[in-house]
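The first chain written gets the first letter, and so on, giving A, B, C and D; residue counts start at 1 in each chain.
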């Protein structure tokens, strides 16, 4: 052992010598050396990179997001692209794994020479991407990763949705002020950082506002039997249940909650927003509440048009993931149009200046921490659609 | 080689390898994509070869390797996070980084080895297929435990681990694991392991402490799995439970099986091929298919990956159950003088 | 008469209801060459398995070198000087003949504590844990590192082991097969290789389970000579299970006859041969055999 | 109190599914000594068959008795066929090979099915879960207190089916000629062949039977949890295996008891301690049983032949 350690230690020192240059230029890491900036003049197309999980248990989220971006890009190209160039996208699948997300981003940044990357729903994967994009100084916009840590990675990382703390606060406030709930139980998804994050904030805010969390149960993405948790919750006798999960499970949970005679309102976040919710939950999901980025039955023509176009293209009402991804692409494209040239640096600066961008999911203004400041809406699940209830401002 | 004085044979290869790698390091330093992919390849090789010690040499069947990898990754990663702001005085920062990295690798490996010991001690009394299921169960439990622990960041995982891993460090460990596996093979211990694989009852009757040997094989294997995990944590910006699922274990098993149970070279080749294949196919499609169709195809590559692994296992078992190399090494195929030459130096 | 190397007193075992062996007595001293016969399913191999620790006897005691070995694992018993071959050959098929033997070769020098001191400590204490276990563990640990670091001492030891293994192959006339995989050896040689492997563990007592099965007459007579030779050369006590009466009667000074787990006769060959109970048992058996049936659990 | 009873019912409902899947496991293991790792995924496929048929029939038709029967029959037949194919082309060639070879193959098939079904081209359903049509419209079967405890018709139905099948299988194995053949094969298929038993056919039939069972279990599972998704088989399969081992693998009543037991244990862990540890329960249970009583609750210990 000692011999080996000694030997490898020697290696370490040798390496130290080999490393100086490297660690001088940029923080060590997979994409340490900043890749050469793409020559904007090269060809008459400009390439945007996307990373989403298109396989595995989170595939549906990735696919929605990809659709949203595709649509935005199509529209932009129809409107003459940017600076007379056609926008191309390249999508890589990360199978829901951080290492693959980092791998894909490295590929986009170094091989494909994209000007910016859009990506990931799951915050873990977005963080992985950010750690590649930042040192390589490639601007990155994450549509729906709500964990604050993502944009903390560096000044090239942006986000066009609100963050967990705000969304958690919204629902806590709504539950307390509008629904007048005192005792709330929480049922969270153990495998999703999104769910964990929301739970933490909601719990804190709700108790601060004088409410009481009477039970916290968990499930795993992909589960389909929640009766045990729900029965336990029933025992605690809450007058509302907070379920910051994704529609795949929420629909089933609602059904089983009703089956067990739990009639109290259920509350959730943007993870609920999908047509699937109605397919999976049937009538059981009606009358429950969720916080969201926008309301699909917002009368504004922009939203109407988007919803109509999306339906036409993909045969379903766009869910939150698709919508915000669409906005993310929109913000990116707008920035590229504003930017003096198509170098990564100037695109980054242009994005940073985004103000009152008229997104479908509400107007987007990026604050100095590169997060979108935007109001959230609370929706009530109705018959096959979400009904607008109220807007809550930050 | 026979001319090398006995005392030197032990360490000489290591030193040589280190020099060579240090040389390479200078060249690949600023090829981020290459470095990243080669890191993934390296880690997979370490995993495959170490798993081969249990599944190939000892004939036990573990399908929970990702669990040990997770232990190494989390423990090593956590330690690295704790040491982040420290630096060893009187050393160039890079050197002290590397020493800290070594430390967290060692600790991660040790933790995994301990886990291997705790799992192995009871479960290795079980028969092959039962053992398989138990190891699987263990792997899953690790995932559950980690996603429950605040210190390990639950579902979000650990991020901000210093990305101090490097081409050289990873491949030094690759070399090390291969060397260890080879030397075990050529020692009395290795022969005992093989004996267990061939016929446990007979081995026991010939004075081989089968349980003991199985546990030791398990411990060594999980040590390297742990190191692989810790390395992984030092070049992947964030580790979370999603990276160490049953699926990962099966990936490694596929590599070992495809390469040939008991063949170190086989494992290496299989690990390299199976890790690079998606990359190669993807770029190939992009080359030929043009941007539109090509991109679509390239996506499919990622999607069909898992089913393909599955099919690969089935087809292999049916067509060539002994895998690519059987239990032989590539040098067994080399001309006679070479084998004689190897005999000269055991 | 020296103290017996292997001694069984009133050993019995049953699987569920079936009494496979009961009241089995046996004692083998140095230089003994005894036989164990009986029709199929009489419990011969079961007796072997009990003696070597594969099965835990439900009654009686087994002593090796005067030490009670009930409940010890087979490898521990083997280490105490009891080696066996198998009726249905159990070689390490894809290992070379040499490696088959080398597996069994014990390194008699341990890196930290000598074998003698270890055994001494073992006699002192009992149980799986405690000092001797720790000492053994330390030995083992250091030994692995010697192997991994390829220390000169280790290299020397490997060469020594190989030398000894070659020696055993020599003795059994298998040296020309040294580097062939065991599975490729002809039947007779496989049996001999099993014996070589057993000898390599350095036993005081050797248990041979139907060593001549499937051999032709010439091979058998060679084997008889060989067995006698081994006994003197390695100062062994030998116990042979054999179907071939001629062979058994030929070489064994003392024969035990089992039937349905009971000892029905014991003594010198001619006495046993003339024993009515034996004749009866064997007639029964040969009758069955003649009509091509087999008794369930044969070879147990 | 109410909750306790409710937990009891939930546990039984979950356990029933485990039990049904475990039956298939245990039968196949009985004859082949093979852990048919893909069993859970065969179940998944069967459920998707049923889903397709039910959707095809449409709302009123698929709730009629005839409709339901058709759905069950088609799904079970489809799975039987699938089982046959798997056995014929994947397992039979490996019968004389070491057991692990077959196990690896089984894992391979499991992966191919569960991830193949996640692809979204061709007829493949894609990763998204689908709502399973309520082919047995849920009705409250029994209500205790003021809805403190509700028992649903499908819960009763599936439990009934499970017990029925257990009895049926048991008598199949111990009363019929086929059963005797099965037992002979499981004891030693070479000897069985010598005794003139058509081993290949027996094994194939067992496989088809097991797979058909899986399909049935799958449908009941889908009725219970109202969704179908490609990964549904993986965990159910594993846990069913655990159940089979707990009950003593190869033992029919054992499988059912094991299944119900596992279901209850999981339920009570979720209900009365931390639900986040549920997935750890099954495996710790498994390890415990294997260490304390490797032959399972009902299995008989066998001495290894040397």
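Here is the rule we go by: contacts are C-beta pairs under 8 Å (C-beta built on N, C-alpha and C of every residue); 3 or more make two chains touch, one makes a residue touch a chain.
Just so you know, these numbers come straight off a predicted model, no measurement behind them.
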Least hop count linking chain A to chain D through chains in contact: 1
Chain ID, smallest distance between chain and overall C-alpha centroids: B
Most distant chain from chain A, judged by the mean position of its C-alpha atoms: C
Approximate Å spacing (C-alpha centroids) for the pair chain B, chain C: 40
Cα-centroid distance, chain B relative to chain D, in whole angstrom: 34
Length of the line joining the C-alpha centres of chain A and chain B, rounded to whole Å: 33
Geometric centre distance via CA averages, chain D-chain C, whole Å: 46
Sequence positions of chain D contacting 2 or more other chains: 115, 118, 274, 276, 279, 304, 306
Of all residues in chain A, the ones touching two or more other chains: 3-4, 55, 190
For chain B, residues that touch 2 or more chains besides their own: 10-11, 147-148, 201, 303, 306
In the complex with chain B, residue positions of chain D that touch it: 34-35, 89-90, 93-94, 97, 99-105, 107-113, 115-116, 118-119, 121, 234, 238, 241-242, 245, 274, 276-277, 279-280, 282-284, 286-287, 290-291, 294, 304, 306
Interfacial residue positions of chain D with respect to chain A in the complex: 3, 6-7, 10-11, 13-14, 115, 118, 120, 126-131, 138, 147-148, 150, 152, 224-227, 229, 231-232, 235, 266-267, 270-272, 274-276, 278-279
Complex interface listing, chain A residues touching chain D: 55-57, 59-60, 63, 190, 217-220, 222, 224-225, 227-229, 231-232, 234-235, 248, 251-252, 255-256, 259-261, 276, 279-280, 282
Parts of chain B lying in touch with chain A, wherever the complex brings them together: 10-11, 14-15, 18-19, 21-22, 25-26, 29-30, 32-33, 35-37, 39-40, 91-95, 97-99, 101-102, 106, 147-148, 154-157, 159, 162-164, 166, 168-169, 172, 176, 232, 235-243, 283, 291, 295, 298-299, 302-303, 305-306
Parts of chain B lying in touch with chain D, wherever the complex brings them together: 61, 63, 122-123, 125-126, 128-130, 132-134, 136-138, 140-141, 143-145, 147-148, 201, 246, 250, 253, 257, 300, 303-304, 306-307, 309-314, 317-318, 321
